[in-house]
Structures are given as structure tokens and as C-alpha cells.
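Same chain, two partners: chain A is paired with chain B first, then with chain C.
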Partner chain A sequence: MLNSNQSSATRNETRRGDSVAARWVRKQRIVRGLTIVAMLAPAVGTLLVLYVGPLLLALLQSLGHAPLYRVTIFPSAQFYERVLGSSRFWISLVYTLYYAFVPTIISTVVGVGLALLMNRRYWGSRFFSFFFRLPLVVPYLVGAAMVVALFANGGLIARILFALGIIEQTGDFPRILFSAGGYGIMLVYLFKQIPFTTMVVGSVLAGVAPEYEEVARTLGATRWKTFRYVILPRIMPGVVTSSILVFAFNFQSYEIPFLLGATFPNTLPVEALRRFSVPDFTRRPEAMAYVVVIAVISGVILFLYLKGYRRYEQSRGGA
Partner chain B sequence: MESPGKRRRKEVRRSHSGLYTGRLSVVGWMAVIAAFLAFFVPFIPLVVASFSFRWHWPAVFPSEWLWDARGTTPFPIGWDYLFSPISGMGTAFLNTVAIAGATSAIAVVISLPAARALARYRFPGKSAVEFFLLTPVIVPQIAVGIGMLLLFIRLGLAGTYIGIILAHLIPSMPYAVRILTSVFQNLSSDYEDQARTLGATRMRTLRYVVLPMVMPGVMTAALFAFLISANIFLLTFLISRGRLQTLPTMLFSHIEGAAPLDPTTAGLVLVVSVPGVVFLMVSDWITGDPSLLGKGFGGGRR
Partner chain C sequence: MCRNVDIVAILITMFFLPLSLFAGGAAEEAAVLDPPEEFRERFLAGELEWDEVITRAQAEGEVEFYHWGGSEALNNWLEVSARPDIEQYGIRLNANRADTGGVVDIILADDAAGRGLGEGSVDFVWINGENFRTLKDNDLLFGPFADKLPTSRYYFLDPDDPRSTVNLFDFGTPTELMEMPWSSAQYTFRVDTARVPRDEVPKSFAELEEWMRANPGRFAYVAPPQYIGSTFVQTVAYAKNPHGTTYEPFQNDPEEFTPGELAELLDPAFAYLRRIEPFLLGGSGVEDDPGSPLYPSSASSLEGRFAGGEIDFTQEFGVYDVDREIRAGNYPETTENIIFPETGMIANKSFLAIPSNAPNPAAALVAINALSTPESHVSKLVEIGYALGVDAPLLPDELQHRIEEEAPDLRGVTAEELSAAEVPDTNARLVDIIDEVWLEYIAERSTRPFADIVEDAWTAVVDR
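Right after this comes the complex of A and B.
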């Protein structure tokens, strides 16, 4: 008994002995850890409360916990069944995907092309680049107002066609706005997103040394091959970033499809907010189910895209 | 006088035109001009419309100008309405600037320590934290917005300035964190260490060494957060419950009800674009780096 006590005391003694330094190190490590936590806490905490919290709240309501609206059937998939079981949802999904993907593809292709051009110094390049960045810094609604001014059936382009004798009345002008074709919506997206892609890809391109291209050309690569095998892989991170941001935005945008799309079919966010503003409060959780589904689909698409990109990177690294 | 080396470099540049270097070809010029037409020229009819008095179908140019109505009003009709208190544009403008200013200040203050931690330390879960701080940019705002509305109704924040500012923090913070992280990464810790070695306290080092060096970056982050907030529509629309207007929500209701080339809507479009134009001018002036926008929005090296 006494013996064991004694030995533990000596053990303590030795630990204390060998470890003024070790303890100091341990203490420093704890201090460092606490410092990092304290530094991250404001940002992470704000997001947890104001961003993760609301998402969880929407999820909870969509599963039937909404005492405010006298809905207390948690957990229940009833609202999801109602949403996913309606053909309206699936039609809206198809249109949402269509309005989101087409501008993403066009703005990525055109944006990369323009980035190659805009990166040069030419006469007036500063002037051009200032005005070219204008669409980037104005709200999407400005683009919507512009598309209405130009492409509405009574808009400027229709008037010019009328003056030229090509059309005889407003009805002869093709319906670009307020139709399921969504051309007006996509024009607004392109107006903002082509300059966006150009800027993002351009700033990556600015960091690519011109020597790579010179070497490739000297070794006899054609312009296309140089682009495909030398430039493109190097600007790929910018292309992926910009296309992710563009798609993620288009998929969830509300105001543009609401203003410029058809009454039906329109996009999922428009349908979701329509559900949210029905007078019957007991149906509001349906809107929550809608937004949860929107978030999940968008997340899955972006995840698959990033996974595909990783695979591409790996195959390049392995080759 | 040019040095021979400089002249030679110039010649090399002139003789060689690469995929993204050298001079523009004829086709390149045509593309640049087409881009200018597509992305800048659409602003012009709106400027004209905002000064017009009458511009109905099928007139290609306004049929009545200020000159024709000079007896009745000293101002173009659209601007006259917008600047009168009835339109509410003044209030919406002040609301937008106040909300964006507060959002930007809070976002930067909250993001500064986080950005510094991300730039300086390695720790387990770092990439997860980094990813988490950037996700608000890709998670649908409508989902966050509706959830937030439920929360804010319960907390009594719906329809208040505080509620809107808190909502605006979510999309603005990722940009502030991103920009500030790269600022701290570019800032070598040597200077701080030297100041500390020479006996400066932590506070003094921060005040006299770190802050002056990161100030341009902080200004950039603040500008970005300001711009993002000033341009937000959906979150304001949801959280404000129609109780207070910002420029984007005001523009929304005008587009919803107006005929194409209506002078008031056209004028409002120009006013809504003011924060963006100021941003472009000020950001070029602060950093002298026109590629800033691309970097801030996600391109460039981290």
C-alpha cells in the first residue's frame, strides 16, 4: 500500500522532472488550439446560427414539424410525397435544369474564348475591360430590365424591325419573354455570366506563363492542340470554379424566371415560393419540401461534377 | 530613350502572337467589339429612355423630349418622379447603403480572425472549415432565405434592419473570408516576429505592423461585401416582408408592372447600377489591379 503510493509519487516526480519543457510544449499546444478555435468561432458560429440553423428549420418543417401552422405530424414524408407525386414538380424540374444548364455551357465556352482575347494588351483594352466588367457588378434585375427593354414584343428590337418593315405588329415578333422557351431568362444569365466567366478564367490565365505555349508551338503543336493540351489543363481550375458558381446560381434563381418566364411551366424556386404564399398555412411545409429538394438536387449535381473533375485531374496526373 | 533590351522585347512581342498573348487579329477585334456591343451598349437605350417623355410603340426614338415639354416641367419626367419623395427611391437608396455598409463592416470584422487562422495555422479539419465557410455561395439562397424567415418571424426580426443585415451576412462572408485569407497568406509572418522580438506587445504589433500591411486587402474585402449586399434581391424580398425597400426590391416591383422603355424603370436601373460603378472605380483605384474582380469571385491562385 505504502509502497505503491511511494512509487506513484516517484513516477510523478520523474514526470515533473523530465518535462518542464514537455509540459510547456503541451501547454503551448493547448493555447494554440484554443486560439484557433477562438479565431474561427465568430465566422463559423455566425454561419451555424444564421445559415445551418435556417436550413435545419426548413428541413424540420418539411418533415411535418410546424406547430405555428398547426402541423405536428413529425416525422412524416407526407409533404415530400405530395411534392414528388405531382407532375407539376417534374415538369418544373426539367425546365429548371434546362434554364440552368444551357447558359452555363454557353457562358463557359464563350467566356473562355473571350478570356483568351481580353487577356492581351491592345489599343483601348483598359477602356473595354472597364465596360466589360459592368454587367458583373450590377444586380441580375438590371439585366432583366435590359432584356425587357430590348426583347419585349414592344421593345426596341421589335420597333427597329417594324421600322424596317420586317414585322407589321407586335404580335409578329417572336415571343422571347414570358414563354416556356425561357430565352429571356437565359439572355439575362448570359449577360451577367459571360463577363463573369471571362474574368475568373482571365485571372487564372494571367498566372500561366506564356513560355508553355511558346514551347508547345516550337515543338510543332497546332494552335488547337496547344490550347487543348497546354492551356486548357492549366486554366481548368478557373473553368470549373466559374461554371460551378454559374450553375449553382442559375438553378436556384428566383426573380429572373419569375419576371421573365411563363406562368407555367416555370422553375422550382418559383413554384416553391408560390407554395409558400398560399393562404392555407397548413400547406406551407410543402414549400419547405420544395426548397429542401432544390438544395439536394443542386448539391448532388455539383458533387457529381466535382467528382468528375477530380477524376479528370487524377487521370492527367497519372498519365 | 528606350534601352536596347526593351526594344528587343517589344519586337519579340510584336512578331509573336500566341493564343492569349500578343496583338489582336482582325477576328479578335471583331469579337472584342461584339462583346462591347452585347455587354455595354444595352445600357444606352435605358439612359435615353430615362430622359424621354414619350416613347411608345412603334417609335424607335423617343417621340417627346424634355425640349418639347419645357413649358410644363424643368426635369425629365422619369427623374422628376424618382427624385420626388413619393417614389421612395431616396429611402430605398439610403436603406441599401446603410444595410450594405453595416453588412460589410460586420462581415469583415467576423472574417478577419477566421481568415488569419486559415492562413497561418495547420490544424485537423482545416479544409472542412474552409469548405464550410465557402458553401453559402453554392447552397440555394431560397432554401436559406425561407428557413431564415421562419426563424426571424419567431425572433421578431422579420421586417427589421437587423434581420436584413443578418441575412446579408450569409452571402457576403464567403467573399470576405476568401479575400482576407489570401491577404494573410501573402503577408509574411517575419515582420510580426521582428516586431515582437524587438519588444512590441501583441496589441502594438497588430496596430502598427499587421493592420497597415493588410489594410488594402481589408478595404477590398469590405468593398466586395458591400457590393454583394447592395445587389441582393431575394433575401431582402423574403426577410423584409414588404416593410422596407432597397433598390433591388424597388426595381423588381417596377419591372413587374412597367411597359418596356418606361422612363421611371429606366432611371431606376441606372440608380441601382450606381454602387457597382462606384465599386469598379474605387477598386481599381485602391488596388490598381483590374483582375481583382476575377480573383475575388473565385479565380486566380489562392
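Right after this comes the complex of A and C.
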């Protein structure tokens, strides 16, 4: 009896305790939810204020709502028609993709190779990896100035070749800068982005235990197979991250193509700014239409890329 | 930039507000000032004595001047000469270095934020051409003040006097006295006579073409729409005008042409620009194959190539620049101005304008007046080679003598030759069309018919 009483009391106690615990858990959940919101707020707020806000403003202006420039024909597709209807836009798009993709591919391939090399220890490797990261602290503009100093037709290399009698006059030096080929632009990109890719991929690689490689090799895998089936899948997140950042920068950067590119053809951001700087303010929404189109195209490309990567990861997980 | 100014202003206000409440005296004096709008009306109606303007300017206390800051010589001159000239009236000069297009942005943004006279950020700005036109088209100017300044007697402002044209029109836009001439500039070709002997220097575009064919790759011009390049194309267009009336039709608004007429007017000039392409810097050197001609993207890039010996000619605004650049060691000693082309060298003035939302309108008027005295202009000419904004024939004899004796060397030409070749610049909206045509027909090498290209550019500017 006492026993049963006791047990019923315990049961009661337990039931009451349950509901307290449940309430506590619920409260905790709300607190945690609020904490997450509060902790995300700075990042989300910054994104909204600095990125989404201006983009929305650009979208509104490109659709004809720009009272600041005395344009109030919202909604109107007139500016998009003008942009998409001009041959200059399509030619610029081709060159923008060209200047963005080529350095991204080269810096990814070379960067992964270098990261693999630098993962080993050899004499002077510490010095080399330090020296190799120097370009990361050099601004892009300084990189541009260096490329001009070296590769311009009156630049250092042309002068040396001239002094050695290899070319007859400095003007005979092949044109690397200010041409549609965009070699100058891509040189600056590579100068900064190869070390960047190497660093990102290298730090992922440092987290891959060397045993995997050793086991694969003992089991008779060739170097290539070890890389292809053991190393590459493990460093893939680093490769994707760095190539996304590099591509997004290359696609949207303005100053390097402006400084080192041709008058025409040049990239979409350069065309956008050219339109923005026309003194006639009523034409600025056209520049905004360019901005929106640039954001959409690079957004779509990055989305497809990430989707492809996710599919790759899933297929690997399934296998 | 504008936002920074605001934050600073707010901080300063927060700091000084409690002080001024107690200080009393200054605050009361400020309260006595008429509302700025009333001041503007009375000033423009000629109801105010100049002394009253000065008194108000002193009460306003400071003046915000925005100017293109790319010339160290000018920045220094402003400190040593302009500052004391303005501050002797008890007004503090705040000189803000900026890009003129950016200043127009600030004025527009202030206006969009509902700030009127007495509330904006910019008191006066060094301006001309399309930027002035933007302000005028948007009703963002203080009003016709130029003839009401005491120094206006040194400027031709009578519309019936043909000598006034350069003061009353700014790239074809009537100034309506809403800006005061500050400096003048003429577009000159410069040549290194060590590389091109004087007797071989071309006098016309036809002779220049012959010279280019004999010396391929030794000539370049800046890519329009950069204004140094744009002015080159305008100069060609004047010289190649099929009606032989050089600059005259280019003074009109685009509406006064049919697209077909405009295409006919521009066709010979653009045919010339295509014909010379193979012989420009980076061109193939072979007839009909342009190669990849290199159009420098900025004036400094063109100048750098000239100084570095890649090309033998350069072009810029400013007849006294050659002397200054030689002294600074930027040009070879043997560089000279040339009279080219004889059909007309574009000359214009740059101005000081007051926006409609100037925070200190009276101080702006006093400061502009102080910068418009003949003494100030002569100092600017003698010290840093900025050509006069005042009209020399209206100056006292003694100043005219001083100019003759002390002005920098014109290096190869005379003032008489330059003024004989002087022609006005092109209508600002026609400039937009010409630049657009250049981008498509020359830079893009479009194969569409020339008339279609002109028509599209015309439509983009006219139909809005």
C-alpha cells in the first residue's frame, strides 16, 4: 500500500516533472530560435542593406523608376530593349565570359597542381610557400600597374629585347595589353588567383590524412588513380569554393578590363560604367539594366555550377 | 563623400548647438538673415547693394567650392592665391577636390532629398559643357547672377556683341548668365620638332594623312567619349564639313537636323577616320587593313606615349601647357604647339556656377566675384598657365602689359595666330551623337550602313 502510494506519488511527480521539462524544452527551443535569428542578423542585415537593397534599386531604375534622374516611366522595358537589342551587348557578353572562364580554368588547374606540390616538404618549401602567397596582399590595381610596366610596348621586357637587339624597335614587341585578346587582363587575374586557389585548396589538402594516399599506393594504385579517386574527391569542396569566388570576381570586375582591355570589345561591367558616365542622366537607367543583366547571368552560371557539384556529391555518396 | 560631409555636419552641429544657445550673440545675428529664397529674389532683381551681399556672406561664414582636383598646380594655386582672395572677406574657403560629374551627382541627390537653397552641400563648382547642361536642364542653378557681380565689367556679356558668344554659350548651351567665365582653353596639337622637322609639320588633315602614310604607327588620338578624343573627332568633323561651313552647323541642337542630313554632314569625317586607321599607332601600315589600332583610353595615356617616344604628336586643351610640361620635364625640350588645322582650333571657356541648393549663396557670390578679378586671372595665368577667363581688351593697360611680359611662352605659336584660328565647340547633345557613332563605326567597326548608325544614335539622343 505504502508502496503503491509511493509509486503513485512518484508517477504524479513524474507527470508533473514531464510537463515542466516539456515547457522548459519548448522555451529553450524559442530561445535558441531567437538566438539564431539574433546571431544571423548582422550577416543577413549586411546582405540586405549592402547587396539586396542596391540590386533592388538598380532593378527599379532599370524598369524606369528613377526620379533622381528625372525618369518616371515605370514600368517600362525600354531600357532592356535598348541593351539587349544592341550588338555591342552580345559581343561584350562573349568577351566577358571569355575573360572570366579562361583564367578561372587555368588558375584552378595550376592552383590544384601547386597545392599538391607544396603539400610535400622539401628544402626551402616553407620559404617558397610564404613567397608564393605574396601576390595575395598586392591589390589588383598594383598588379595592373606591374603588368603595364613589364608588358607594355614601351615596357621593361620590350626595352630589354630592344637592348639585346632581338626586336628593331620597342613598338615591334607583340601587343599584349589593350587588345581584344585580353592577355593583360588575364595575366593580372592569374597573378592573384593562382596563389589564392593554391592557398584554399592547400588548406583543405592539409586536412586530408596522408594515410589515405599511402593505403591507396600500397594497394597498387598509380599516382594518377590515387589523385583521381582518393585525393580529388576530398579536396573538391576547396576546388569548388575557390573557383566560384574567382569566377564571380572575374565576371563582374570592372577596373582591370577598363585599364588593360581594348576600347572595343570590352566587358559588360565596362560597358555599364560607360553608360553610367554619360553626362545625360536620363540615360542612366540603361546602365542599371546592364547591372541587372550582369547579376542575373552570373547568378545563373553560379547556380548551375553549384547544382552540378551537388549532383556530383550525391552520385559519389550513392556509389 | 556626400554622406561623410553630412555626418561631419551633424557631429559638428551636435557639438556646437549647446554652445550657441548660450553664446546668444552669433545665433541672434544668424536669425536676422532673410530667408535664402528672399535673398535670391532680391539679389537677382538688383535690389541689393554689393555691401549687403558681403555682410550676409560674412554671416554665412564659409563657402563650399567643388573643383576638379587632378592638377597639382591648380590645387597649389588655390591655396596660395585664391584662399587669401576669398578669406579677406571673412569667409572660410572649403575647397573640395572632386570629379565634376560626381559634384553634379551630389547636387542632384541633395535636390532629391528635398534640400533647397541654404540646405545643400555645394556652393559653387568649376564646370562646363554637358555637366552644366545637366544642371540647367534640371533647373538646378541659382539664377542669372553673372552680370550682377562688380567684376562683370571685365567680361563681354552683351548678347549683341559677337565677342560675348564664348561667355554666353557653353558647348552650345546658352549660359543665360547662370555661370561666370573662369578660364579659357584651346585645343592644340603639339609636336616634337626633333622628330618632325618644322617644315614637315602638317597644316591640314590631308597633310596629316600624307605624313601618317609616310610614318605609319606614329600618330594616335584618345578614344571618345573621353573629351580629349571627342574634341579630336569634332575638329576633324569641322575640317571635313562637306558644306565648307566648318563649325557653323555643329552649333545647332540635334532636332534641327534630319538623321539623313546629319549623316551627310558627318560622313566625310568618319570616312577619313576609317582611312587613317591602318596608319595609327598599332595599325597594320597597309592600306585597307586596319590592323588593331590602339586608341589610348585617357589623355594621360596619350601624353605618356608622346613623352615616351611612341608617337610624335599629342593633343590637349591649354595653350600654355607645353611650356609648363617642358619645365616640369614631362615633355621633350623640342616640343612645340602648332597651328593645326588651319580650318579651326576649338576654344572654349570653363565657368563657375552656383547650384540652386547652395548652402551659402551670398558667400558663393562673394567668392566667385573674388575669383573673377583681373588680378586673380592674371595670377592664375602667370603662375600656373591657366589661360584668362576675363576678356583681355577690357583690362586696364597696366595689366595688359603685365600679361604680355609675364605670360608663359606659347612655344612655337603666337597669341594672334591662336585667336585667328579659334572656333567654338560643338553642341553638347551633338557631341553625344558623334561619340556614339564613333564607338559603333570606328571602335566596333560595324558594317552597317553609316546612315543607319547615325540615325540610331540620333534617335537615342532626341527621342526620350
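As a convention for this text, the second predicted complex is superposed on the first by the 278 of 319 C-alpha atoms of A that agree within 3 Å, B and C clash if a C-alpha of one lies under 4 Å from a C-alpha of the other, contacts with A are read in each partner's own complex, and residues count from 1 in each chain.
Assume a residue touches a chain if its C-beta (ideal position, glycine included) is under 8 Å from a C-beta of that chain, and two chains touch if they have at least 3 such contacts.
This one's a predicted model, so the numbers in the text were calculated from it and none came from an experiment.
After lining up the shared chain so the two structures overlap, which partner does A:175 touch, if you call chain B first and chain C second: first, second, both or neither?
After superposition on chain A, A:175 lies in contact with chain C alone.
On chain A, which partner's contacts cover more residues, chain B's or chain C's?
B
Where does A:70 make contact in the superposed view: on chain B (first), on chain C (second), on both, or on neither?
Touch partner of A:70: chain C, not chain B.
Counting only touches as set out at the top, which of chain B and chain C does A:154 meet: first, second, both, neither?
After superposing on A, A:154 lies in contact with both chain B and chain C.
Pick one for A:205: touches chain B only (first), chain C only (second), both, or neither.
Only chain B is touched by A:205; chain C is not.
In the superposed arrangement, which partner chain does A:246 touch: chain B (first), chain C (second), both, or neither?
Touch partners of A:246: none, neither chain B nor chain C.
According to the stated criteria, A:39 is in contact with first (chain B), second (chain C), both, or neither; which is it?
Once the two structures are laid over each other on A, A:39 reaches chain B alone.
Touch check for A:277: first (chain B), second (chain C), both, or neither?
Touch partner of A:277: chain C, not chain B.
Identify the partner contact of A:47: answer first if only chain B is touched, second if only chain C is, both if each is, neither if none is.
Once the two structures are laid over each other on A, A:47 reaches chain B alone.
Where on chain A do the contacts with chain B and the contacts with chain C coincide?
Looking at chain A, the two contact sets intersect at 68, 154, 170, 259.
Which positions of chain C touch chain A when the two form their complex?
Residues of chain C touching chain A: 101, 104, 108-109, 112, 129-131, 133-134, 138, 217, 223, 225, 282, 292, 294-295, 297, 305, 308-310, 428-429, 432, 439-440, 443-444, 446, 460-461, 464.
Considering the complex alone, what residue numbers of chain A touch chain B?
Result: residues 32-33, 35-36, 38-40, 42-44, 46-47, 50-51, 53-58, 61, 68, 113-120, 122, 126, 128-142, 144-146, 148-150, 152, 154-156, 158-160, 162-163, 170, 191, 194-196, 199-208, 210, 213-214, 217, 223, 226-227, 231, 238, 241-242, 244-245, 248, 251-252, 254-255, 259, 269, 272-273, 276, 287-288, 291-292, 294-295, 298-299, 302 of chain A touch chain B.
List the residues on chain A that touch chain C in their complex, please.
67-70, 82, 87-88, 91, 153-154, 170-171, 175, 178-180, 258-259, 262-265, 274, 277-283
What does chain B use to touch chain A in their complex?
Its residues touching chain A are 16, 18-24, 28-29, 31-32, 35-36, 38-40, 42-43, 45-46, 49, 57-60, 109-111, 113-114, 116-118, 121, 123, 129, 132-133, 136-148, 150-151, 153-154, 166-167, 169-170, 173, 177, 227, 231-234, 237, 248, 251-252, 255-256, 259-261, 265-266, 268-269, 272-273, 275-277, 279-280, 284, 290-291, 293-295, 297-301.
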